[in-house]
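The data blocks that follow each hold one structure.
Shared chain: chain A. Partners: chain B in the first complex, chain C in the second.
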Partner chain A sequence: MIVRPTKFPASESKNLIAFFFLLPALAALTLFSFCPMAYIFLLGMQRYNPVQGGTFIGFQNYLNLFRDTNFWWTLLNSIIYIAVTPVLIILSLCVAMIIREKIKGRKIFRTIYFLPVVTPIVITGIAWRWLLNEDVGLLNFLIVKSGISAHSVHWLTQYPVNLISVMGVTIWRGIGYYMVIFLAGLMGIPKELEEASIIDGASWFQRTLHITVPLLKPSITLVFIISSISAIKVFTEIYIILPGAPIQNKTLVAYMYQTAFEHFDLGYASALGVVLFLFTLVFSYMNMKLLERGSAP
Partner chain B sequence: MKTISQLFAYSVLIFIALVMLGPFLWLISTSLKGTEEIFSWPPVFIPKHWQFENYATVWNAVPFGRYFVNSIIIALGTVTLTVFTSALAAYPLARLSFPGRSLIFTAIISTLIIPQEVIVIPLYTLVLKLGLADTLIGVMLPFSTSAFSIYLLRQAYLTVPRELEEAAMIDGASTFRIWWSVALPLIKPSVAALVVLTFISSWGDFLWPLIVLRSPEHYTLQVGLSMMVQSLAANYKLVAAGAVVSVIPVIVVFLFTQKYFVSGILMGSGK
Partner chain C sequence: MEKSIIRFLKLWLVQVAAILIIITGCGKNSQHKTEIEFWTLQLTPEFTNYFNDLIKRYEKSHPFVSIKWVDIPYDGAVQKLMASIAAHNAPDVINLSSDFLTKFYNINSLMKLNSLLSPEEVNSYLPNAFSYGVFKKDTVALPWYLNPYALIYNKAMFKQAGFTDKDVPTTFDEMSTFARVFKNRTGKFAFFLNIGKDSFLPMILESEGVHMLSPDGKRAAFNTPEAVAIVDKWVSLFREGYLPRESITSSQTSIIEPYMSGMVASVFTGPVFLTRVQSNSPGIYNVTGVAPALTGKTGKSELAVMSIAIMASTKHPRESLDFALYVTNAQNQLAFSKIVLTFPSVREALKDSLFTIDDKSPIGHARYIGAKDVLTGIRLRTYFTHPDFDKLKDSFDEAIQSACLGKMGTEQALNKAAQEWDKVLSGNSQ
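Let's turn to the complex of A and B:
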């Protein structure tokens, strides 16, 4: 349903009142979003250290990026990380389709699937780091015992296996969240359409492929955008699960953090931040358009 | 036919439930083990003697109570600030007509394209200049509002029947009064959703508190735990006990407010 904003008669004092309502939020957004966003471009053109301050060096940081193999590796890893998105779409859509059937205890299942979503990543990361431990971890035990693999897998130390391990944790954590979005999307599909296809003799697979999935396109687009943005921004999982791995095995945000807060090169780290911003911009722009469409009169 | 497909659905659902719960159960099991059991091969699933003293040990070894209090202060502070700024700002955007309204709304929405991770470095220099580095306020303040929460509450105000506000206006109530006693009480469910979402995300936040907080007595639970993992790496039973303790508040909040959490996600996604 579309609700139009009410038109009250405008007057000088009304404008002033509106301004006072908006003031705290606008002040906070200006100070903590707009200003830092503008400032990162300035910082990116400096050699900046919190103690000594900054020196202007033009585009030197960006030129250095081109020759920095760590940058290219971490950028590549961040691109690889986006591969969690199609997996998440397929898995959470499947889970949503099973769970929406009239099944006893579906609420309990839904709650259980949601636990990883609400639990802080630091905590689930600690649990997974121990499960993935190469010498005494449960996962290697199960894999060797069941005969899937003859010897233990180097979950944490061998590239790109270690990156894929962390991607697995991100998928594990995301299924419940995207399932909720798909469940809401599925509720919006008219029952008659699916029932008609059953009468026409369509199999479950045909029905899903030709009716359900096309009708779910808005939800799929939404999940695609949200999940891709969070994949690009991933940091905590990497920090907790792969603390000892070399930076070339990690992602862009991890490299930015290391540059700024372990090497104290805030200027170079800001240049990395600008690249990160441009990278997320494509997806965030789509997201903004989607929200605007949802609210437009 | 029906029972077979139901059986299949159940086995899939139970399998996924085990995968989802597995890491939590393993964490609890590890937190109750003795040192030999942690490193035993094959792994021990249920410890022989439950070592509840692991919990006492970790509580005494690390200023855990302190971390806990800091996390609570930051989460509640962030919730209060966010609800205050967004409930105010969203109202004129939905209900009052004033010049530049759609421009301001677009400007607010446009901050959605700025991920927190991108601006942590300039934010850090700002917090340094304000003298708020290594303080709880420094952690909270940058998150005192968000485009998402303003958007969410604006959508909620739009669904309030405008006759109620018009009636109050005819009775001579001021705009502030109408907002406080007519509009705000009617969007309580959305405010509740915002409270729950903000609390859970603030409780789990990691990168920003990790950057801002330097001294252990200011650490949040997440930062404290991440430091413990490094310093007590071999002492996994203690780390596990700490993790179990710090996950309890989130799970309790979630179980009691699940409805709001889910509706918040859906409102935010434009449903």
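Let's turn to the complex of A and C:
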């Protein structure tokens, strides 16, 4: 009887090679993402100072969160901020559909729409702060001069107008980025389907509603998830445009930053981070489930 | 195949050996030198030449010491230093502002200098400036350059409104009245003062003789009718449109921008910003006047002090202190004041003609009056020495912002802030 050496089946050895190549990335992710994330859970249960170390206080930081009005206000603002997502989807999809058409100068338009994405947020943020200046800003000048309003709008000081102002900047910056994703999605839609619908007498609106949007569902799902997570995590725009606003006008990440890097209460900031993480996780999961259900036949 | 592997291994061994020789060789050279790492706060590129020259001269006279100079951005300074302390690679000598000193003193990161300084060395500094580096009885920093406050005003705008140099307000109270008259006459803002973010109101209250803290430092003391009356003047000015909207959100570092743009006729800030006006808005600089700091009833004004501290973790305390004394000595401070509109903290340097002769230019006049103010300026906002001073500051600022935006009355805002302060001062804040 001949005993053959055991060999991995072809598919298993392929898997092993794949795992081998994935290992460095996994190691880097574990070291730089998963381990710090796990550590945040531990820090959240401590009164922690980077120099003097920490003392274990159990769930005290989490209990304090429930009594902290700043936490509730900033959480509410983060939830309000998610409203940029549907606006971004609609606007960037519209822009992508217009730019897809063979109109004159579409390359220039594509560049113009993408320009805010590649311009550093610090620069655009400062420029917006000037535009929104309540005493000498261009926006108020136009509003008052054109007679839209007799008084200037308090873009940067009056809550929730100041939050909405920053949301506007996020939308302005995001359109170009999500437009590119939608353009890629639109390229994948077979021309024949649209041509057939035209022959059948479908209007532009009907084509968009019954062909383009359903076939763009994967792109819409992607944009929905990415933009909503970005909205929950928004920080730079708030930091640049509303530097002196009360914390209750800002978002949860801004509060986390203030707690961690201005007050150096890293334990409490970690507890905030854990809540933010759980919130984002649950929100994204619900989004995916909702969108999956919507696409089921 | 085997040959090529052997050739590769040989080459590899030669390279490793060469690297080891270089490393050990370098080690031998550096064994004799003590390296002092020195951090400054946002002083490049304007003063790169000054520091290179300063360090070169020091290293020449101290052949066994080398200085590694690192300049860090002001905004991220605390975070960066905190991270370096946690990672056990903090610098030896560091430039800190007075509020940063508080933070690092309260976590025991600064070396105590009491027994290391001779009485002559202590006495060479201005006592009011030196006191900024003393916490309880611990001396943890040497004063470096100083910034008093001044009123910087636009003479042309004043003239347009029918005012002359003689009408320039000298007290906060006069300014609150002046701001109304000026805007009613011209439609322009007379004055920019931070009253919300980085609020100057605590400074005004202290200068008016109303203390922010109780004598034992355990309670807030600013929720009194007298304090309400003073704060309410400024809140009303804002609500009625006599102060720019930015005055409740602007940070202290951007305070000069409305003045440079010609949006306001005067600003209460450090004369150090005049050089920025000179380079960015020469037209406005040419019509700029400088008056002494506005004060309250007590006549007291505050001083901003930049200090040099030595980290407790330093392995070279003697060399670090020697270098800190060198950076802050009269000769080097005077040389620094000649290139920037700051004031030295040593008596000797203030005797120079740079500070005793008024050449009538905005910068020259600011130097002349500032040199007198630095002798008397004190820390008015004593709560800045509390470990949680930023929580105190934030809660006060936000209460004033709420009052300015009409969410609550001034009295209610001060009561709310006082409650927050009492929590923080008793250690019961979250």
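The rule we apply is simple: the second predicted complex is superposed on the first by the 253 of 297 C-alpha atoms of A that agree within 3 Å, B and C clash if a C-alpha of one lies under 4 Å from a C-alpha of the other, contacts with A are read in each partner's own complex, and residues count from 1 in each chain.
Throughout what follows, contacts are C-beta pairs under 8 Å (C-beta built on N, C-alpha and C of every residue); 3 or more make two chains touch, one makes a residue touch a chain.
A quick note: this is a predicted structure, and the numbers were derived from the prediction, not measured.
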{"item": "Touched partner set for A:50, first chain B, second chain C, both or neither", "value": "both"}
{"item": "Partner chain in contact with A:62 - chain B first, chain C second, else both or neither", "value": "neither"}
{"item": "Superposition-derived comparison: chain B or chain C, residues of chain A touched", "value": "B"}
{"item": "Partner chain in contact with A:121 - chain B first, chain C second, else both or neither", "value": "first"}
{"item": "Contacts of A:243 with chain B and chain C, given as first, second, both or neither", "value": "both"}
{"item": "Contacts of A:158 with chain B and chain C, given as first, second, both or neither", "value": "second"}
{"item": "Touched partner set for A:25, first chain B, second chain C, both or neither", "value": "first"}
{"item": "First, second, both or neither for A:136, with chain B first and chain C second", "value": "both"}
{"item": "Doubly contacted chain A residues - partners chain C and chain B", "value": "50, 136, 243, 261"}
{"item": "Of chain C, residues touching chain A in the complex", "value": "78-79, 82-83, 85-86, 103, 107-109, 189, 196-198, 244-246, 248-251, 261, 263, 388, 390-391, 394, 397-398, 401-402, 405, 430"}
{"item": "Contacting residues of chain A [partner chain C, same complex]", "value": "49-52, 64, 67-68, 133-136, 154, 156-159, 242-248, 258, 261-264, 268"}
{"item": "In the complex, chain A residues that touch chain B", "value": "1, 3, 5-8, 10, 14-15, 17-19, 21-22, 24-26, 28-29, 31-37, 39-40, 43, 48, 50, 95, 98-99, 101, 103, 109, 111-116, 118-124, 126-131, 136-138, 141, 145, 172, 175-177, 180-181, 184-185, 222, 226, 229, 233, 235-236, 239-240, 243, 253, 256-257, 260-261, 266, 269-270, 273, 276-277, 280-281, 284-285, 287-288, 290-295"}
{"item": "In the complex with chain A, residue positions of chain B that touch it", "value": "6, 9-10, 12-13, 16-17, 19-24, 26-27, 30, 38-43, 84-86, 88-89, 91-99, 101, 104, 107-126, 128, 141-145, 147, 150-151, 154-155, 158-159, 162, 165, 169, 175-176, 179, 200, 203-204, 206-207, 211, 221-222, 225-226, 229-230, 236, 239-240, 243, 246-247, 250-251, 254-255, 258, 261-262, 265-266, 269-271"}
